[in-house]
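One structure below.
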Amino acid sequence: MTQIGLNHFLFVSTVLFCLGIFGIITRKNAVMVLMGIELILNSANINFIAFAKYGNFGYQGQIMALFVIILAAAEAAIALAIVLNIYKTFSTVNVDEIDTMKD
Amino acid sequence: MTIYDLIFYLFAAITVISAFFVVTTRNIVYSAYYLLFTFFGVAGIYVLLGADFIAVVQLVVYVGGILILLLFGVMLTNRITNVQIKTGTIKIAPAAIGVALFAGILGAALLKTNWKTINSEIPISTTHTLGLLLIQQYAVVFELLGILLLIALIGAASMARK
Amino acid sequence: MTGNNLIQIALIILFLPLLGFTVTLFLAKKVKKIFLFETFILIVSFILSVALVFFKLNYFSQTTFTGEVNWINLGSISIDLGVMVDNIAVLMIFVVSLISMLVHLFSIAYMHGDKRYNRYFAYLGIFTFSMNGIVFTHNILMMYIFWELVGLSSYLLIGFWFEKKSASDAGKKAFIVNRVGDLGFFSGILILFATYHTFTFDKIFHQISLGVIPFNSEFWLTVTGILIFAGAIGKSAQFPLHVWLPDAMEGPTPVSALIHAATMVAAGVYLIIRVFPILTGNALEFIAIIGALSAFIPATIAITQNDIKKVLAYSTVSQLGYMVMALGVGAYKFAFFHLVTHAFFKAALFLGSGSVIHAMHHEQDIRKMGGLRKKLPLTYATFLISTLAISGVPLTSGFLSKDGILAGTFAFGNLTGQWFFAFVGFLVALVTAFYMFRLVILTFHGEPRDKEKFDHAHESPFVMVMPLVVLATLSIFIWYTPNPFNPEQGWFLSKWVKAPTIVTPQDARYSFLKSDEIKPEANVPTVQNVPAQTTQEINGSEEEVTFSKTYTEAMEHAHIPAMMLSLGLAGIGILFAFMFYQWKKLDPDKLAEKINPLYKLSLNKWYFDEIYDATFVALTLGISKLFAWFDNYIIDGIVNGSAALTKQVSNFSGKFDNIVVDGVVNGAAYLSGIVGLMFRRLQTGKVQTYIVLVVFSLVIILFIFKSF
Amino acid sequence: MQNFPILSFITLLPILGMVIILFIPKKQEIVIKSTTLAITAIQLIAAIILLKNFNYALGGVNDPSSFQFIEKFRWIDITGFSWIGRIKIDYFMGIDGISVPLVLLTAIISFIATLSSWTINKSVKGYFAMFLLLDTGMMGVFVALDFFLFYIFWELMLLPMYFLIGIWGGPRREYAAIKFFLYTLFGSIFILIVMIALYFSTTEVLADGTKVFTFNMLSMMNPQNFTATGILSPLNPNNLRLIAYIGLFVGFAIKIPMFPFHTWLPDAHVEAPTAISVILAGVLLKMGTYGILRVCFPIFPEITRQLVWYIALFGMINIIYGALCALAQKDFKKMIAYSSISHMGLVLLGMASLNSMGITGAVFQMFNHGTITAMLFLIVGVIYDRAHTRGLDEFGGLATQMPIYAGFTTLAFFAAIGLPGLSGFVSEAFVFLGAFGFTSIRTLTVISTLGILLGAGYMLWAMQRVFLGSLKDKWASLKDLTFREYAMLVPLSLIVLFLGIYPATMLNLMNSSVNAMVKFMANAQTMYGSLLH
């Protein structure tokens, strides 16, 4: 067991990222897809802050992370609004049933 | 094994395990609660990385805002009366294989890479510095983000209302 | 009393009627009696003109006064307006204002009850103003201006009863036919102005006398003269533009007397008198020919006409032809003399006919009259005197002037060997006497042919008879000369009217219109270029020889034979008239049948109207229709056609766009559609499938680019 | 008064008025109309003030220092285009004796036309907004001295006119409007091309010593300012000045309109509402002849001299052809429209004389035609408002029913056929006298005098058909003129009468400029001839 370093953090973030993707792919519910996205964003944030600490980037990584959080908030709001609309239109939020784009 | 290491492993475990449950639990409401733990774990990791302010923001925004929003989403898109707040899963096999492969590659990449690291001094509190940065160097971006948020809120409201 | 005063009086005389016109026109509706104001103005202007004549002829008979103001100054060119007071002008103004005043008085009764009564007087006012302008003008542009204005007033007065189609037609015809002549007049002015850069008569004359002539050619000087004469052809109703005058009788009869007999139509003659110095021999000969034709043709027409005013109208044309012919043969003084005498007796005749028409309740056909002698004694007497005058019976003014003209043609024949004019002159004298007495006999003698109208006829009121008496009185010789057989000794011709100095180049003149003693070059310096803006006096007392000695002698020789001959011919004419119509020894109808074609020709006025309608009028209207058609169908056709063509082209390019260009585009789209179909299976429309694919692709890509 | 930008004021005031009108509620028709009237009245007053302060002695034409009320400042200045260099456009306004009568005319006619528009009741707001925009366009053309500015105003006038005919016109308004629009646009293209070509041939030295291309018309009149290689430069032996001249001339001739480009006019007139006809005949046609006089003549003097015979020829054709076509018309308004063509031919003929008498006559004829034809169209409007027909043959005897109206008509008709004492005569006589003085076009002039005769023919015939004869029963209820119609006809009548009796007022106004123009044109041959050698 080495000392806790950059790789540890990156590893956590990788796992989080993969789980996020897994969630996006496997879950039917659109809200769950959103949750997956949130996971991915969090993994990215961990990377930012880890690099900010171990790379020579000063506070830029932290600032970036801050912005990502802000964007995530905006994204969540918009996405949920879309989901609501979809629900109104199709009476379902199961993304596999919404395939009108096919034609 | 220092205290630092211990704490790290603790938080990493919370994060990873709860994230795993998030994506595997069938009940969406449960997923949402697990997501809360994930966020909490991530916040802890932030603290370990010396980003106390971000950690607080993470808690406030994610836990206090986004998560609640997601819960609302869940509630609004399922008929509350006959609670069937469960969700099916699909394509588990290809997803698992793909994600495993992907994870393998990413893991290989991060292990093989020779990261140049330095151990910078962590200041006690980052809030002051970040605050200065936000109103000086990143002032414009900050303002623009504010506007973006506003637009997003109005847009979301109007879209949801339709 | 100085020259300036005379000019002031002249200006007052000129502008008074304009004041009358304006006031009367604007108050026509508001003030019922405003016509009295207009009449009063005319009386004042007559009194002033009497004063003017008196002072001018008594004290300044040798001088010419001019006064001018600058009208337009363009730097390089300046145009002056001005008046010129010479003997001819004052005599003419006397005639105009006298007759105008009398006609105003006459009209008060004649037009009584007309619904546009006051407007009628206003129109008379504008006419008098314009006519005065013609008389007083010292430049040719102003002459043209007033020329057109009398045309306007003539148009308004002929068409006064415009509800009648014939009246409005006649007005229009008069104006347009006059414009034809004016076109020539205006072209003449163009030539004069282009050559001399001035309009003033004196300056033009002066320059011609210095040898400056249009385009350096005597031919063009002749042409200029003829072009200006074209104005006179129109206004004085000379052949071939005489057709408007008989039609103009549609106007009220006093108007016919004033405008279409005494004054306006004489303006043409007055114009020739004014420009006489610049007329070359050839131009004069042309004028004489036109005059002769105009004297002869209408005289033959007058024989067969049955409308009392039409007969007088044709006789007017004929008499004007006389004057023009007289000018053409060089009998300058007698032409003017005849102009004056004719004005009086023709006005008397017209007003007399007006009195008859008034009495007969607007009946103008002489076949329905007869015997009116008893009903209208005063009218008859004055009418008879005037008829005697126009027929050239001794002791009348007409005899004097007509005889002079005939002597002139006689002398002309003698000197040049051309007896044509003399022949025409004497022939017309015969015919004139005949048809005038035919008119008198049919109207006043014999038994009434329309009993009912005859019974209602009555002598006209005082304001109508008074002018007749005045005018008839003026047809007596005594006003002009003490010797009833030799006008040359009278004050009129010996003192008042002087022949002007001819300024045309010597070799372009008639042989008798130049001195055969003194070299004319010697005279040139005496005509000074007097500076503008001042009253200028041209001393006329010097020896300026207009006529050669030979001519004067020839005139003296011609006098007696011409007189005898004309007397004899007039007597024959009168005799025949009595034979035909009074004593019924001869039957005019039988004669008419015998010479039917000639009779028809005369009755139908030589078919001038028909010929003009069929040629000029039809041609113009035809061309205008053609052009309108051309405009509508060809030019617009081209325009619309090019628009249609553009449309077609754009249609085609639209099709091209649709089929070819769009075809290519659609083809490409179709192709990609097929390709798309092939890959379509990959597209499930499900987001997750895509993400799986993305992940797999990413894995593959990372494997391929494994830089680690 | 010295520094007040009166030309801009007089030009842009209507635009201000338009903006005001746009803020007035649609329902307030009276307010809209009164506002327009007030604006045009102020414009008229400004024009009169302008006239009072106008210095009669200054010539203008090609000499920038003797233009008056000059307003000049840098308007557009772009240096960014490396491939064409610096683009500099001035806002340059000024007037001389040739434009001042037309400025006055525009102000008068706009005012009268506003009065005449009182009867408009279809979307009033739009109409008056367009009307004022049109006003600005017209006024601008007469005061602009920068070609670019000139062109802007020229085109600015086009659009409102299109809508005014196309929306408020008669039954075939779309056809007429599109015809008018396409015709004029067709001409504008030529003007635009020549304008650009001239721009790249003319330079101007700025205060800092740099040489730049310029749109300044006055610079274009001085051969010293041309570049050696510009395609329209007289210094270039292979220049295209002749072709450019013809193009430019055609561009302006369409507006006159000159035969054979005239057929838009009768259609446009017949369909346009009365007020627009008045503007069209009163002002718009003058823009064509003004353009020729202001642009074609001084910028291409040597070509003008070369082609003067042809200009006179087309003038003659216009006079005779227009008159003959007028004679054949059965529609009152169409007849007047053709008579316009005939009278505008006189302007062409007068300009072709190149002497002071002829050009004075031409400019004066522009003014007179503006007032007289405006009167004629108003007269047609009066009868059309009452009887809703314009067929000449359908009337008769109206002089009994409407004597005052008949009086005004007589005045206008006789003014149109050049009766002495009315303004038409003076200009007509001047044109003929001037043109006859120029030897090479003498024959054409003499033929053109036939127009006088034909003019009398169609006018009197129309007079007879409408006013004389017996009154038809169906017209027995027609009313004579109203107060508003008096207000339109009386001022015009007074102008026509006054200028007929004392034309010197107007002639003195333009005299210096006309003389300057004549002198400039006379020297042009030597000036331009020597450049190439």
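Read from first to last, the chains carry the letters A, B, C and D; within each, the first residue is number 1.
The rule we apply is simple: a contact is a pair of C-beta atoms (placed from the backbone, for glycine too) under 8 Å apart; a residue touches a chain by one contact, two chains touch by 3 or more.
Nothing here was measured: the structure is a model prediction, and the numbers come from that model.
Enquirer: Keeping to the contact definition above, tell me which chains border both chain A and chain B.
Expert: Expected: C.
Enquirer: State which chain is most central when centres are taken as means of Cα atoms.
Expert: Of all chains shown, the one whose C-alpha centre lies nearest the global C-alpha mean is D.
Enquirer: Using mean C-alpha positions as chain centres, tell me how far chain A is from chain D in Å, no decimals.
Expert: Averaging C-alpha atoms per chain gives centres 73 Å apart.
Enquirer: List the centre-to-centre spacing of chain B and chain C in whole Å, with centres computed as mean CA coordinates.
Expert: 111
Enquirer: Quick one: chain C and chain D, Cα centre-to-centre, how many Å?
Expert: So the centroids are 35 Å from each other.
Enquirer: Mind checking the centre-to-centre distance between chain B and chain D? Centres are C-alpha means, answer in whole Å.
Expert: 77
Enquirer: Spell out, as numbers or ranges, the residues of chain A touching 2 or more other chains.
Expert: 21, 25-26, 96
Enquirer: Mind pulling the residue numbers of chain D that touch at least two other chains?
Expert: Correct list: empty.
Enquirer: Mark out which residues of chain B touch at least two other chains, giving numbers and ranges.
Expert: 90-91, 94-95, 98-99, 102
Enquirer: If we use the touch criterion from the header, which chain pairs count as touching?
Expert: Between chains, contact exists in these pairs: A-B, A-C, B-C, C-D.
Enquirer: Under the stated contact criterion, what part of chain B meets chain A in this complex?
Expert: For chain B paired with chain A, touching residues are 1, 4-5, 8, 12, 15-16, 19-20, 22-23, 28, 31-32, 35, 38-39, 42, 45-46, 48-51, 53-54, 57-58, 61-62, 65-66, 69-70, 72-74, 76-78, 87-92, 94-96, 98-100, 102-103, 106-107, 110-111, 115-120, 122, 126, 129-130, 133-134, 138, 141, 145, 148-149, 152-153, 155-157, 159-160, 162.
Enquirer: In the complex, go through chain C and note every residue touching chain D.
Expert: Against chain D, the touching part of chain C is residues 71-77, 141, 144-146, 148-149, 152, 155, 159, 162-165, 167-169, 171-172, 175-176, 179-180, 182-183, 186-187, 189-191, 193-194, 620-621, 623-625, 627-628, 631, 635-636, 639, 643.
Enquirer: Sort out for me which residues of chain B touch chain C in the complex.
Expert: Result: residues 90-91, 94-95, 98-99, 101-102, 105, 108-109, 112-113 of chain B touch chain C.
Enquirer: Can you tell me which positions in chain A touch chain B when the two form their complex?
Expert: 1, 3-12, 14-23, 25-32, 34-36, 38-39, 42, 45-46, 49-50, 52-56, 59, 62-63, 65-67, 69-78, 80-85, 87-88, 93-94, 96
Enquirer: Okay, in this complex, where on chain D does chain C touch?
Expert: 179, 182-183, 260, 262-264, 266, 321, 324-329, 356-357, 360, 397, 399-400, 414, 419-421, 425-426, 429, 432-433, 436-437, 442, 445-446, 449-450, 452-454, 456-457, 460-461, 463-464, 467-471, 502-504, 507-508, 511, 514-515
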